[in-house]
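After this come two complexes, each holding chain A, first together with chain B and then together with chain C.
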Partner chain A sequence: MEEQKWDQPMGGFNAASRSQMAEAAAGGEESQRTLYPYVTGTSVIALKYKDGVIMACDTGASYGSTLRYKSVERIKAVGKHSLIGGSGEFSDFQEILRYLDELTLSDHMWDDGNSLGPKEIHSYLTRVMYNRRNKFDPLWNALVLGGVKMGPKGAEKYLGMVNMIGTHFEENHIATGFGNHLAIPILRAEWSEDMTFEEAVKLVEKCLLVLLYRDRSSINKFQVAKITTEGATIYPPYSLKTFWGFSHFENPAQGAVGSW
Partner chain B sequence: MSSIGTGYDLSVTTFSPDGRVFQVEYATKAVDNSGTVVGIKCKDGIVLGVEKLVTSKMMLEGSNRRIHSVHRHSGLAVAGLAADGRQIVSRAKSEAASYEKVYGEPISVKELADRVSSYVHLCTLYWWLRPFGCGVILGGYDRDGPQLYMIEPSGLSHKYFGAALGKGRQAAKTEIEKLKLSELTCREGIVEVAKIIYGVHDEAKDKAFELELSWICDESNRQHQKVPNDLLEQAKVAAQAALEEMDAD
Partner chain C sequence: MAKFSPYENNGGTCVAVAGDGYCVVAADTRLSVGYSILTRDHSKICQLADKCILASSGFQGDIKALQKNLAAKELVYEHNHNKKMSCPAMAQLLSNTLYYKRFFPYYTFNVLGGLDSQGKGCVFTYDAVGSYERTGYSAQGTGAKLITPVLDNKLKSPNPLILPARDAVTPLSESEAVDLVKDVFASATERDIYTGDKLEIVVINSSGIHREYIELRKD
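Showing the complex of A and B:
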């Protein structure tokens, strides 16, 4: 198992994985820690809009290069005010959901009118991810945390991300995995403050379409979710229309010469 | 019914010649002297109510909660020594959490009642521990529907349609028996519980009290929560009106 080189389509992971492989080769010790991810989800896109935060991703989970699972929900509601989206190792994402469930349960039982907001949950997740990284046993994910909570200045929107090495930040738009390379340039060019829900969905779909064409581990089945002061809504999965009618695709053997 | 257990009442590990464990009975006395706690099982859920005796005018309203959530689907109302009660609640919460961690699904109310009563009973088995000076009414809503359990300081636990603990328990039980619980919805049940508590409250002996009501029903999404403020106010008004009617004749 240690000799296998896994294709790592996710952008930021390569640095960490190289050092881990070097360690395993050098030490030769039986490693009980996470070395590589097995079942992985690809990009998650999220952006702030007028009423809150919108988050979207596809519903696929790959087993290496096999598109093994095609109906996986990678965005979940957390508490009353947040959404979490996860790319990377799906089992680690499930474990994180369990931690969050325990967290929100004990919060709920206090019954004192307080509830955990997106900023607090992001902070909690950052601590969890960073501490696991320090033990060389990371939760192999890039998590997107978005939400809205009423504060002293009204409805305060929040969007941030944290990844397997504990890097975390807050932004108006987030993308993980291949989205970092393909979606962020689009979001930077076209995102604006206070977009309507329809505009936000259109922008997100533009990014998802690019990813569908160019990321080999994405599938044409997406889920969009939004979080507003009213609560979280995760819409049912749907597909985007793609166009393959390019002239080059029509007769691919046209320019082929030779016998090989 | 007080009998002097001279010599046989010093330790919880001593039986009296007539087979009684006096320490446990004394613990029960602590429960009998506290504010009334009532729980009823309605057609669509459970209603728990507590007559929270206010010991000082300086106390903030809503503080010193006597009804606690143990998990999303259950609540515990405590009668007797409040501090002892918190310990039981804490244990119940951790039992519920550990069950879910191991089995992957929320603990059933029956199982939870079992665990709480085992814990309460445990403290009656060793001389270095004292029994809990509180009785609890556990209400929960799981796959088998709404259920109500009462656990006494002896560790005895039974399933009930309606239960009451504390000072006004005899009167409360009489009132509960008059209700047609199988036809009552929780919305109606709230008003009934409020009426009972207002009814058994002794104006002469204890002055101020605060009514604490909680429910777990289909309307609350089978989650244990404080009764919403507007319903609480309505219940209080109805209870006070009923009280005045009673006083009038």
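Showing the complex of A and C:
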């Protein structure tokens, strides 16, 4: 045991030694902590627009490389003012929804005319994710939290993200997973302040289409949700039109010089 | 299979320079992960007390937890002692807080800047587990090794090796120090991929705290 400790590289613990120590201490029990994700959702995209926040994602959940579930709702309303979208391990997302249920319930039971806004819920989720990470038992998700709440300066829009180790930030547009690489460049170029709902949906669909073409875990069944001062609306799922009529796809062997 | 690591480096650089009667604390506002930029507008600077500013770079989850932790402890101190914490007191508290997590560290690289009880500028520089010293200036983070040699050259602070030990603060004026900080960040931005977007500069002097932002290269 002592030898192992001194052999560890500088810079703190790694999960392997930790679980070995836990095993030794607990008398040989297997680690009960999350080691890897099993059923996962892919990207979630969100952006602020004139009336509030729009969030969208596909309705698929993969089991490794199998597209296991095709009608999964990965965006949910939280309280009166927020939407949460989750990518990553779906069971952990469901667990988070249970935590949020408890949170919103006790908030409601105060019955004091006050209700948790998106900023507060984002802060709560950040603490939850960070504390689970501290225990080496993370909730394997990247969460997007968006909402609108009336404040002293009028309707205050909020959009933020938190990932499985507690990294969090606020922005005008958010994307998780592959969306970070494929959708964010589009959003950075084409997002503007105070877009109308139609413009925002068009922009979101543009991103979803790119993800559909290029992210192999994405499916052609999407849900768009919006949150405004009037409340949350999650629209029924729909598909996007794709285009495959490129000349190269028509006769792929045409220019190929083959020996077989 | 994805292996869980509890750390990631979100990049960024922090600099602090102390002068006679002022202190400049500056940090870029880029938050990165891997080769991606998460956001261009995230502050790394936290005001802990009247004359005490903390700038941290490293893993952002730990930075937030650390800054929250210190702000809470400062409030408790205020309630117990009926005054705000002084910068040297906060310096010791930060060191203790970091060492408390010696065996699962806060992956944070901090510079603490402010005015001491005599009103002179002070800068404290830390490693991730709490070893610290008071200096006249410091840089931490991904761009630190690009910036420190320039500060060594330009600040005209007394050589730390000569005896008797001399006060480490720079003889430069406040505006000269601020200009120098802007320059070093512009240079670091050129070569460090994790530094850029915007620079947040906070200046503390006897008249209070003043904040300004300047644009940096976004590539």
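Keep this in mind: the second predicted complex is superposed on the first by the 225 of 260 C-alpha atoms of A that agree within 3 Å, B and C clash if a C-alpha of one lies under 4 Å from a C-alpha of the other, contacts with A are read in each partner's own complex, and residues count from 1 in each chain.
Convention: a contact is a pair of C-beta atoms (placed from the backbone, for glycine too) under 8 Å apart; a residue touches a chain by one contact, two chains touch by 3 or more.
Just so we're clear, the structure is a prediction, and the values are computed from it rather than from any experiment.
Annotation: superposed three-chain arrangement on chain A; chain B versus chain C shows no clash, the two fitting side by side. By the document's definition of touching, neither partner reaches A:E193: not chain B, not chain C.
When both complexes are overlaid on chain A, the residue A:Y36 reaches chain C alone and has no touch with chain B. In the superposition on chain A, A:R133 makes contact with chain C only, not with chain B. Residue contacts after overlaying the shared chain place A:L105 against chain B, while chain C stays out of touching range.
Judged by the number of chain A residues each one touches, C leads among chain B and chain C.
When the two structures are aligned on the shared chain, A:H181 is found in touch with chain C, with no touch to chain B. Overlay on chain A (Cα): least separation between chain B and chain C is 29 Å.
No residue of chain A lies at the contact with chain B in one complex and also at the contact with chain C in the other. Within the complex formed with chain A, the residues of chain B that make contact are 65, 68-72, 93, 97, 225-226.
Listed in rising order, the residues of chain A touching chain C in the complex are 11-15, 34-37, 126, 129-130, 133-134, 136, 138, 161, 165-171, 180-181, 184. On the side of chain A, the complex with chain B involves touching residues 102, 105-106, 108-109, 111. Of all the residues in chain C, the ones that touch chain A in their complex are 1-8, 10, 31, 33, 36, 38-39, 41-42, 59-62, 64-65, 103-105, 107.
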